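The structure's right below; bear with me while I get my questions together.
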Amino acid sequence: MDATILMLLLQDGVVNGAIYALIALSLVLVFTVTRVILIPQGEFVAFGALTLAAFEAGTVPGTVPLLLALGAAACAADLVEARHALDARRILRIALRDLVLPGAVAALAYALGPGKPTLALGIALTLAIVTPMGAYLHSIAFRPLEKASVLVLLVAAVGVHLALTGLGLVFFGAEGSRTPPLSDAMLPAGPLSVSGQSLWMIGLTLAIIVALWAFFGLTLLGKALMATAVNRLGARLMGIGPGMAGRLSFSVAAFIGALSGVLVAPLTTIYYDTGFLIGLKGFVAAIIGGLASYPAAAAAAVLVGIIESVAAFEASAFKEVIVFMAIIPVLLWRSARADPVEDEE
Amino acid sequence: MRQSLLAALGLLLVAALPFVPGVPPFWFTLLNYAGLSAIVVVGLVVLTGIAGIMSFGQAMFVGIGAYATALLSLHLGLSPWLSLPVSLAASGLAALVIGAITLRLSGHYLPLGTIAWNISFFYVLGNTDALGRYDGLSGLPPIVLFGFPLVESRHLFALIWVCVALSILVTQRLLRSRTGRAIRALKGGVIAAEAFGVDTGRTRIVAFVYAAMLAGLSGWLYAHMQRAINPTPFGLNASIEVLLMTVLGGAGSVWGGVFGATLVTLLKDQLQNVLPLLLGAQGNFEAIVFGILFVLILQRAPDGLWPLLTRRATPLPPHHPAPAAPLAPRPAEPPGRVLLDAAGLRKTFGGLVAVNDIDFSVKAGEVVALIGPNGAGKSTTFNLVTGVARLTAGRVRLFDRDVSGEPARAIARLGIARTFQHVKLVGGMSVIENVALGAHLRGRAGPVRGALGLDGAEEAAIFAEARRQLARVGLAELADRPASSLALGQQRIVEIARALCLSPALLLLDEPAAGLRFREKQALGDLLRQLRRDGLGILLVEHDMDFVMGLADRLVVMNFGAKLCEGPPVAVRTNPAVVEAYLGSAA
Amino acid sequence: MKRLVWALSLTGALVAFGAAAQPIKIGVTISKTGPAASLGIPQSNSVPLMPAQVGGQPVEWIVLDDASDTTKGVANIRKLASDDKVDAVVGSSITPVSLAMIEVAAEAKVPMITIAASSKLIAPMDDKRRWVFKTAQNDSLMAEAIVGHMVRAGVKSVGFIGFNDAYGDGWLAEMTPRLDAKGIKLVATERYARTDTSVTGQALKVMAAKPDAVLVAGSGTPAALPQKTLKERGYAGKYYQTHGVANADFLRVGGKDVEGTILPAGPLLVAEQLPESNPVRKVALDYTKAYEAKYGPGTLATFGGHAFDASVLLASALPVALKTAKPGTPEFRTALRDAIEGLKEVVYTHGVATMSPSDHIGQDERSRVMVTIENGRWKLLSPTN
């Protein structure tokens, strides 16, 4: 391996790491607020990429009717949840959020979809379709389980992942898709050439890290959101119910997922089941970051990306073995550092 | 009772099935797969539901068992029966090695660690020539029983479900045994278990190895049922599926696990049959409907379906070994012998000095009380003496032996027992089982003896001892209640019975009278006086001054981590510094 | 418990219902979901195009999904054999699942026509494989074609990038000795997973070895990624693909980066370019028309043809078997097996098959053509090119 190849591998690792980082950030966000390890995060990525690809092909993707169905189910779930304190305003709010919003998005999609919308419009539609799904999934699947153990929440997340992957196959078929890049530019940088797309990718990842860090570290709302995981009463006093905290964090996760999908789809082919493995790598990064720190998770994600890239060069058949065995020592190190001696409640 | 009734009914149904004419043969195939999963799930119940160790790697151990027997029977022509022990040993050994590395992981690091192993295992299988790479190994011989090859599903059915029944039986035995109590105690907190001499690290490995061996058994059966194996059934997805089964059925009990495995297997098959009829279209809807159904069931039954069906919270029904003589008590120490001698104890957390150069001692036949306002460092001192917290400086001598820096379980071995300020009982265990955990160091039986039921005499003696101690503290009639159902004050008393079960020379009680009513306090005082007469040394932290003054021989008063004074109650009561710092404000 | 009872009684009802009719029953187990879904979906789509009647006898096709999973595949064939009492089984889509199914097919003495790739499924012939037939071209037949083309094109060294699964393994195993025999050096063997988002490492490794040509052994759209990456890195040698990519989606995703790629394929792929004299042309065009009429233009994938070809074999053999025994009996299954083994010159969408006791695929050169990609379309190459 000479220096040029090493540079190319590092570049590849960083770009891949950026995808994992975006997933890791969402996982950290959702976990700190709701204690759910969001296995379906990878599905948001795939849905984002494939929805955009469908618009590019001039069709209306299956995610549009799915959005309507999820909205309707979430409406029912929200009404049941709020049955003890239902008034006209509340019903109106739920109906607006769960029925009118997806209805409007779907109407736009059906109106614009068949006419091959421009790339920017397609991206906007895609984000508008996938983002609310986060909130609806929270209302339908996780809100009723908010008191359950982390194990049960994790397993429920696996259930949601199975259902969404199955739907992905029905909507998009088994074959993959690509989308046109946001930028065709190729910038020479010494022996490397950097594509405009990968700069978009890395830049947006950094922006999201900074935004999340600022939101949770600096704003009162962010701090209150973090607090819901440990102290529900305190958060409620701040005017944030666990329902809202959950919807908000899930929606942000879905948004980041769809955005990552849009960013990655021009770089590689995305399949209905791509989400699981990249979700897993994001999970690795999130865990190495202790499911708490955004910069640590992002750094770990880039590390995973680089190990993967170098392993693909050195021993491609054993790439996953190398990646996953490499994380065991890291886990041991993290675990030893984080080890709580006392298990006082 | 409903649990055993349902379980018995279920097993009976299964056992009767081969004798019912006209049963479609595929039912047997399906139930065979359910049985294979059930065996893995039973292990996972022990591991995840009971020991609290989340594993995403069980399919890997199934694979190790399957590949071990496949290699032996293909290359050496060994009969499957001869390769069975090798399969079990290979899975167990792999778990031992992997566990030794991975089980140190805490929290979420552990599930991820098991995922990492399982994924790596899959790719190693797929890229190893000797294991047939991705195509795997085929042409394995069937299992032959009395000269009769078990090829058809109907015939294998009996063998597989006998294995399921045996797994349940052995697991129930194991969980009831001395090792099993230690495994179940893992969920009640590592500290309490270690304080009674349980090596929790080793216990976690025992649970891990046991679950892996059950998985290996399943793998052995799988290999000779399919007669062809390849990496796919041993990948991460398969591990996730058995975890789903476990949680859906109810991870808290073995029966729940078996129920979950059967239900999921049948449900998935039925969905494939029924959905095309319902939806009127061929499609790939099974996974979607299964995922949705799964989440909905969890919402109705977050602890799994089995507890919902049986309305039972504890994993095991009450257990009554034959009456026996209690264990022989430890010979009493001569009165006045120094049991505990602490010198210059110091503990700092960062810049904060929690305990500042404390000296005191406890002799046999003496009650010493450690008092002081909240935050004075009493409980930390307790933890330093019992090896729960690490000393920053100072020295602890027990029976003239320097034990500074030794772990809690080594100190327990010397005959030191304690209770906790925050009660640490195992909620799902009955009161008597919690008390019996105190006698952990007085038994010898290991996991093998326990699982095979060869520990009867010892268990009977331990339970007799536990019953005796429970009677001594006046809670004999609550023996079979789940510990979590008791009032907090009663739970504190149960902790004392558990501590007594260790037959200690020195007893350390952390606020034993908190939450007790007047009469209960009187009874507790009487008990402690009786123990003092028996020659025990007692160190207690207590807030109730009346209780302490009437009982203690000596008081050690702490304030802001430092010792304020020491002496008999009368002297302390009149010490101006003490009055100032503590009694004054209380009076 | 209630749920369980409900589920059990439902199975009973379904089974009773199934037992009432008495047509010829053919079980089909296909990977409609899971990693091999891109093969399984067109195969399962082909089932409605299969004949509903043969020799005046109604044929019932029972389709099950094995989710690309061995356990499920074996359970399916057990169900089909023991409960549905099928007279033959078609499937599965991939080699590992099919390999495991052989055990059950031989045990239940049900003829099985696999539509997976590896020649391991039917060779070496033994007591169990007696029951197994095959329609998808052996990877050995295709490998030979590629090596032949490489020799003609003067390729001296080859880099290999294949799926890290049974498909990639099969190709590597078939290519290695054939390249060796022709003195072509295999200078790099790299593997990747279907859903990998980047194969840059593998591409760089291959390029560092400077091969004259690269063979990508993958199926469907995932096979485009290595080629696109190599193009992006500026690799200028020849590109070969396998017949696993022969569907429209590969062209859609590959775009201009896959222009000029050379691959062997079944004649179905370029049916309309075959000479009128080729008997395969008509069968293949008929199937294409029927398929695209049902699922839309441009939806054809050659994998579906393998499943359809299994039905062609059965339709030719069933009338022979019907003469000696009644459907649903062990005798019929044996007769059907013998009849398939005796088939001569059966024309189907992927060539012409002539079975024998030692050859259970029966294909020859007529089952493969060399194809290239020109202007985003498949183009038949002349045999000497």
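General remarks:
The letters A, B and C name the chains in turn, as written, and every chain counts its residues from 1.
The rule we apply is simple: a residue touches a chain if its C-beta (ideal position, glycine included) is under 8 Å from a C-beta of that chain, and two chains touch if they have at least 3 such contacts.
Note that this is a predicted model, so its numbers are computed, not measured.
Remark: the per-chain Cα centre closest to the mean position of all protein Cα atoms belongs to A.
For chain pairs A-C and A-B, the one joined by more C-beta pairs in contact is A-B.
Computed centre separation for the pair subunit B/subunit C is 51 angstrom, with centres defined by C-alpha atoms. Annotation: 36 Å between the Cα-based centres of subunit A and subunit B. In subunit B, the residues that touch at least two other chains are 123, 127, 284, 286-287. Touching of two or more other chains is recorded for residues 33, 37, 164, 191 of subunit C. Shown for subunit A are the residues in touch with two or more other chains, namely 166, 169, 317, 319-320.
Across the interface of their complex, subunit A is touched by residues 48, 54, 101-102, 104-113, 115-117, 119-120, 123-124, 127, 189-191, 240, 243-244, 247-248, 251, 283-292, 294-295, 298-299, 302, 388-390, 422 of subunit B.
The part of subunit A that touches subunit B in the complex is made up of residues 37, 140-141, 144-145, 147-149, 151-152, 154-156, 158-167, 169-170, 280, 283-284, 287, 291, 317-321, 324-325, 327-328, 331-332, 334-336, 338-345.
Residue ranges on subunit C touching subunit A, taken from their complex, read 33, 35, 37-38, 40-41, 164, 190-202, 204-205, 208, 220-222, 224-225, 247, 249-250, 252-253, 255. Those residues of subunit C whose C-beta lies close enough to touch subunit B in the complex are 1, 3-4, 7-8, 10-12, 14-15, 32-33, 37, 44, 63-65, 68-71, 74-75, 78-79, 82-83, 95-96, 99-100, 102-103, 107, 118, 120, 128, 164-166, 169-170, 191.
Those residues of subunit A lying in contact with subunit C across their complex are 5, 8-9, 12, 15-16, 19, 166, 169, 173-178, 264, 267-269, 271, 273-274, 276-278, 308-314, 316-317, 319-320.
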